[in-house]
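What follows is chain A paired twice: with chain B in the first complex and chain C in the second.
Right, the complex of A and B next:
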């Protein structure tokens, strides 16, 4: 395998491919593999949540313990960082954290059968559009971290407007000094940029390292490194993203 | 990798839907459930401490009642004992009196009997003496005057 081949293969893996188009109100909306993987993560999370929360009992047992640990973790995490007004933020933070945790580590599940196999198994036509190595982290597509960061900023602003009320929230831009106004405005541009690029760069970097490994040394070596790059780094970045978002929200409602 | 576009909108829409669904089926019910449970546990604990205090109070009350009942029974016993003692003494005293009376009566009747016997003996002796004297003096001494005479004599002798 020469260097050119390697480079082309890597770039092909990096780009999100358009898999099919959906016709919505006359618009042809392209659907990339990022979106499909996101749907898979969403479907998994929703089924998982549905399974965990069926018939809750006063004395928790088995799966209910897991549900309580997950929800309790995000509740106390939000309460610690935000304080009194944690309630509206915990579900959003939990959703983003769960999504990121599964999205960043999803390449672990590439051993599962691909679209062609599922198409032959079920006969459903749309499955044929799914490529073999579909399950690549959606966060390596810049659209995902950027939209997550934008959403976090929107939640910050909404939290500030809702909890502080518009007047005091606007006034907070000029406190403690009017000199700080430009910087406070810049915060709302710099923060989402840093949030999204940190997540994007880490996941992309880990993804490139792992893809290079798979392309050059496919056996043995990828396994231990995958523990770091696919699991640890993915979970760590999810945690950092969520923690910083919470921190910004805490500042907005303070 | 760097192509912005429809994916951006897709992701925002997807995340919003995911947020709504997870909030509805996971975060909200579990949080409410856990809070309700901790509230009910709190209430239960409060109730438990209340009933414990109530039980403690009842225990104290019962203790006091028990103590006062013991006192009361002690008093009743003492009163009964005193009454029994008094009755005992009354009975003993009555018995003493009765016995003394009986003894006194017995002594009286003994004395009367003795008197009677002595009188009979005296008469006998008088008769004997009279018959002996009549034998001696061959005179019928069985007159009233003689009898009185002898009687006087014996009385004097008896008194001596």
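Right, the complex of A and C next:
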């Protein structure tokens, strides 16, 4: 395998591929594989939450214990950082954290069969469009981290407006001195940039390293390194993303 | 030197930006280890502060990496 071949293969893995188009009132909406992977993660999380929260009882038993541990973890996490006004932010934080945790580590599940196999198994025609090795982290596409970061900043602003009330919130831009006003406005542009680029760069870097390994040394070596690059790095970045979002929200409502 | 060579060189120089983040993160982690040794009961708070500092310091390295990647992938020689 020469260098050019490797480069071409790597670039083909990097970009989000367009799988099919949805026709919505004459608008052709292209659907890339990252969107399909996000649908898979969403479907899994929704079914998981639905399954865990059937038949809730005052005294928890079995699967309800797991649900309470997860919810309690995010509640105490946001209470620790934000303090008094933690309640409205905890659901958002938990959702983003669970989504990112699954989205960043989803390449672990690539042993599942590809579209051709599913087509032969079920006979459903649309399954044939799914390529092999579909489950690559959707956060390697810059659109996903940017939208999550913008969403976090919107939650910050809404939290500031709702909890502090608009007047004091606007006044906080001029405290402690009017000189700081441009910097406080710049904060709202720089923070989403750094939030999204951090997540995007880390996931993409880990993804490139793993793809290079798979292309050059496919035996034995990827297994231990996958523990670091896929599991540890993915979970750490999910944690850091929600921690920094919480930190910004705490600053907005304090 | 060809255009591709200069672009590759520029990308390599951008990746050197990561060394600054490495120094910053290692100093922060060293201090955190020191602080944990001095006050083991505050380990949880120290851990979250260290993670925050490391995440902020790491951003510079990520900017370098992203710009190097943009150079390599967008300006195809």
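Definition applied: the second predicted complex is superposed on the first by the 254 of 254 C-alpha atoms of A that agree within 3 Å, B and C clash if a C-alpha of one lies under 4 Å from a C-alpha of the other, contacts with A are read in each partner's own complex, and residues count from 1 in each chain.
Heads up, the rule we're going with is that a contact is a pair of C-beta atoms (placed from the backbone, for glycine too) under 8 Å apart; a residue touches a chain by one contact, two chains touch by 3 or more.
What you see is a predicted model, and the numbers here were worked out from it, not measured in a lab.
Steric overlap between chain B and chain C is absent once the structures are superposed on chain A; the two fit side by side. In the superposition on chain A, contact of A:68 is made with chain B only, not with chain C. In the overlay built on the shared chain, the residue A:34 is in contact with chain B alone; chain C does not reach it. Once the two complexes are laid over each other on the shared chain, residue contacts for A:212 go to neither chain B nor chain C. With both structures placed on the common chain, the touch criterion links A:240 to chain C but leaves chain B unconnected. Counting the residues of chain A touched by each of chain B and chain C gives the higher count for B. Once the two complexes are laid over each other on the shared chain, residue contacts for A:202 go to chain C alone; chain B is not touched. In the overlay built on the shared chain, the residue A:147 is in contact with chain B alone; chain C does not reach it.
The vertex angle at chain A, taken between the C-alpha centres of chain B and chain C once both structures are aligned on chain A, is 110 degrees to the nearest 10.
Once chain A of one complex is fitted onto chain A of the other, the partner contacts of A:16 are limited to chain B, with no touch recorded for chain C.
In the superposed model, A:92 makes contact with chain B only, not with chain C.
After superposing the two complexes on their shared chain, the closest approach between C-alpha atoms of chain B and chain C is 8 Å. Within chain A, the residues touched by chain B in the first complex and by chain C in the second are 14, 204. Against chain C, in their complex, chain A makes its touches with residues 11, 14, 194, 197-198, 200-202, 204-205, 239-240, 243-244, 247.
Within the complex formed with chain B, the chain A residues making contact are 14-16, 29-32, 34-35, 38-39, 42, 45-46, 49-50, 52-53, 56, 58, 67-68, 70-72, 74-75, 90-92, 94-96, 98-99, 138, 140-144, 146-148, 150-151, 204. On the chain B side of its complex with chain A, the touching residues are 1-8, 10-12, 14-19, 21-23, 25-31, 33-34, 37, 40.
Contact residues on chain C toward chain A in their complex (touch as defined above): 48, 51-52, 55-56, 58-59, 62-63, 65-66, 69, 73.
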